[in-house]
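Pasting a structure here, questions to come.
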């Protein structure tokens, strides 16, 4: 028994050493230092498909800077990591309401745009976003709207508006956003409340609406929606339009709907948090991501709109003309943008959303 | 108990249990050969996800981290735990009971509570001393839940050990350290090794405690799988499972062959 | 050899990494966000009592099913030859060496709509949904923890003195009576430790319900995970309650076990 154990342990030792070789090499900083990027999951072209480049590898090769790339699921997760721990990040990509919150709390650094020459490619309307009117903290990364995706074989009639998510005929086949802000916004629209800025009373009404919906739902999901919809596991889901484009490509039974009553227009922008220790490298990274061909590569993978005016040149027509990637002007007029709400309302919203799920 | 042959009903029952245990794994492995990127829809046979798996630096990195953490945690826990067991053995009565109960706390308290409590500690101290959660905090946490297993495995051996051998060694001219090393450690070895092996296994399998103490940048296999399952699951996860399963079977076969040989040799000698 | 000093490093270690974290949970649980003493976290924690009860119910169900499935396996194991015994034990253990999450994921694939089970049953003309309900969560739990039930029961059973059984047989007991009067009572300690080893992790686990469960299967572990993102105080309060509950459960099990052993 003893001998067996010692053999086993030495086997393990060898295996660790072997596995360590590439591992240890990869954790060392590059010759020009490192940059810690904290991004949404599935939100950058990293060679996921055969025809998609890995933009991070390209950046590492070009600059000799090592990228530590990690991901989060929701803005809230990002916020909790930034505020509750001592972890340091150099580039983060929050959404607009989170950006205003972070600016208000003094958690973002001003960007030195002299070090980001590719900022010139950013379309002017993304240079002064409502969350950062003077454009001091942000370089827009992507934008889009929320929309619905449905399986043609599973719905009886084509959905046109959000009320399809409350359709009793689809009971057990509906998927809803698993983050409080997006879920509450849709519920508020159903109650006739303007979701861009809300009070606790509005949240209460939305909570009621969500409770009403709960028995009809299959699940609250975030990125699991890809597998659910692509695999024909559910009939209809609310998600981000760009991702819906990706899903439709994978499963031809799927189709999309831009809700008639409008939806949420969001911007995600690259920012440098105050905890950053590699600000110079962060600016280099941001600059690199705004090279037209790189922005185009990301757009090709994400299918979210890119604010980069140089990018469309590198994009195929079917992406350029896609309503999901670049929603038409007229539709955008019907959309609303989230504003920062007070901390009380914000945490109340999250608590209420969890309560709906826990009930 | 008489070792009678099992009846048909018993055999069917065991067969069903084995089916229950292995059908999910079989399906998991089968789907790793799916050409399509979705695990639900079968789109033809392909090895491409195995290629993807080896190409993924992150996954290889995570595998390396898992093995390193498991190895370091089990070694460190073994040293700490063996020393502790010998020390605790010399305490008596209430003190000993208290120490042992505290020591067992990580085993009996739910993983999630332990993970959360260590996270509170690390983030509090982190702000105070300016460090980030990552490799070291995960290693410390793993040592925390591994030591009790070592203590539990070594203690019974200590109780069974004959003190007079140690005294005899001293009489025969060993100094204290030699006697300690040659007699005590030798006697405890089976307990120490099984404690170490248990530590290694638990460290490899842990998801919850690593999840809470890893910070945002450190990933091991468990947290990586955790992340992958929340995102667009690709058959790479299945390919990974298949290889893990293969590795387990391989190790077991090697042990088995070795055991057989040892048995044969023992049989010849007698 | 006599030295108690050897345990000093570990005692210090326990103080720092076992005791202080528990104290910190306690301290966080009795504070509000501003850091003042408050009972609000417990008031808020109480709102999740349904989730708590649901978790206990799922854990109880899983434990019971594990016991029902595992007991015969352990009993049959004792009847095998030594070498078969080892092999069968190994077969039961191997799935446990796969990663915890991969085991859940395997069930997710198996149970999904148009998945293997669905396909197989629809050939027989049975249609249904197998994932996204409490049943799926329980199946997942049973799969995760079944070996934890088999092994302790088997260990205890295999130590039963064969003389005792033969004596009972000599005294005229038939198979069933031997089982009822000898084997079952003597296996109780194994059953108790099996119950503990299955119940505690299944009551507190997270992720199983997220992947296999439906809308009403949120478990207390998932709540703790979620709530810690925004509200550490309430999260700590729930953790504290969970821990106290588990400790009480263990003490009860211990009492019960000892009594049985004496009788």
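Read from first to last, the chains carry the letters A, B and C; within each, the first residue is number 1.
One rule holds in what follows: a residue touches a chain if its C-beta (ideal position, glycine included) is under 8 Å from a C-beta of that chain, and two chains touch if they have at least 3 such contacts.
From a predicted model like this one, the values you see are computed outputs, not experimental measurements.
> If you count the C-beta pairs in contact for each pair of chains, which pair comes out on top?
Here the largest contact count links B-C.
> Where centres are the averaged C-alpha coordinates, which chain has the largest centre distance to chain C?
In terms of C-alpha centroids, the chain at the greatest distance from chain C is A.
> What is the distance in Å between the mean C-alpha positions of chain A and chain C?
Averaging C-alpha atoms per chain gives centres 36 Å apart.
> Please work out the Cα centroid separation of chain B and chain C, and write it as a whole number of Å.
Here chain B and chain C have centroids separated by 18 Å.
> What are the residue numbers in chain B that touch two or more other chains?
39-41, 233
> So which bits of chain A are touching at least two other chains?
84, 231-233 - these are the residues of chain A that touch more than one other chain.
> What are the residue numbers in chain C that touch two or more other chains?
Those would be 112-114, 228, 232.
> Please give the residue numbers of chain C that touch chain B in the complex, ascending.
Its residues touching chain B are 1-11, 13-14, 17-22, 24-25, 28, 69, 72-73, 76, 78-81, 88, 90-92, 94-103, 105-107, 109-110, 112-116, 143, 146, 160, 162, 165, 200-201, 203-207, 211, 221, 224-225, 228, 232, 235-236, 239, 242-243, 246-247, 250.
> Any idea which chain A residues touch chain C in the complex?
Per the stated touch rule, the residues are 76-77, 80, 84, 172, 214-215, 217-220, 231-233, 347, 350-351, 354-355, 357-359.
> Considering only the defined contacts, which chain B positions touch chain C in the complex?
1, 3-4, 6, 10, 13-14, 17-18, 20-25, 27-28, 31, 39-41, 80-81, 83-88, 90-91, 99, 102-103, 105-106, 108-114, 116-121, 124, 140-141, 143-144, 147, 151, 163, 166, 176, 179-180, 184, 201, 204-205, 207-208, 211, 221-222, 225-226, 229, 233, 237, 240-241, 244-245, 248-249, 252
> Looking at the complex, which residues from chain C come into contact with chain A?
Chain C residues touching chain A: 44, 47-48, 50-51, 112-114, 129, 132, 214-215, 218, 223, 226-232.
> Touching residues of chain A toward chain B in the complex: what are they?
It is residues 1-9, 11-13, 15-16, 19-24, 26-27, 36, 38, 41-42, 47, 68, 70-73, 81, 84-89, 222-224, 226-227, 230-233, 250-251 of chain A that touch chain B.
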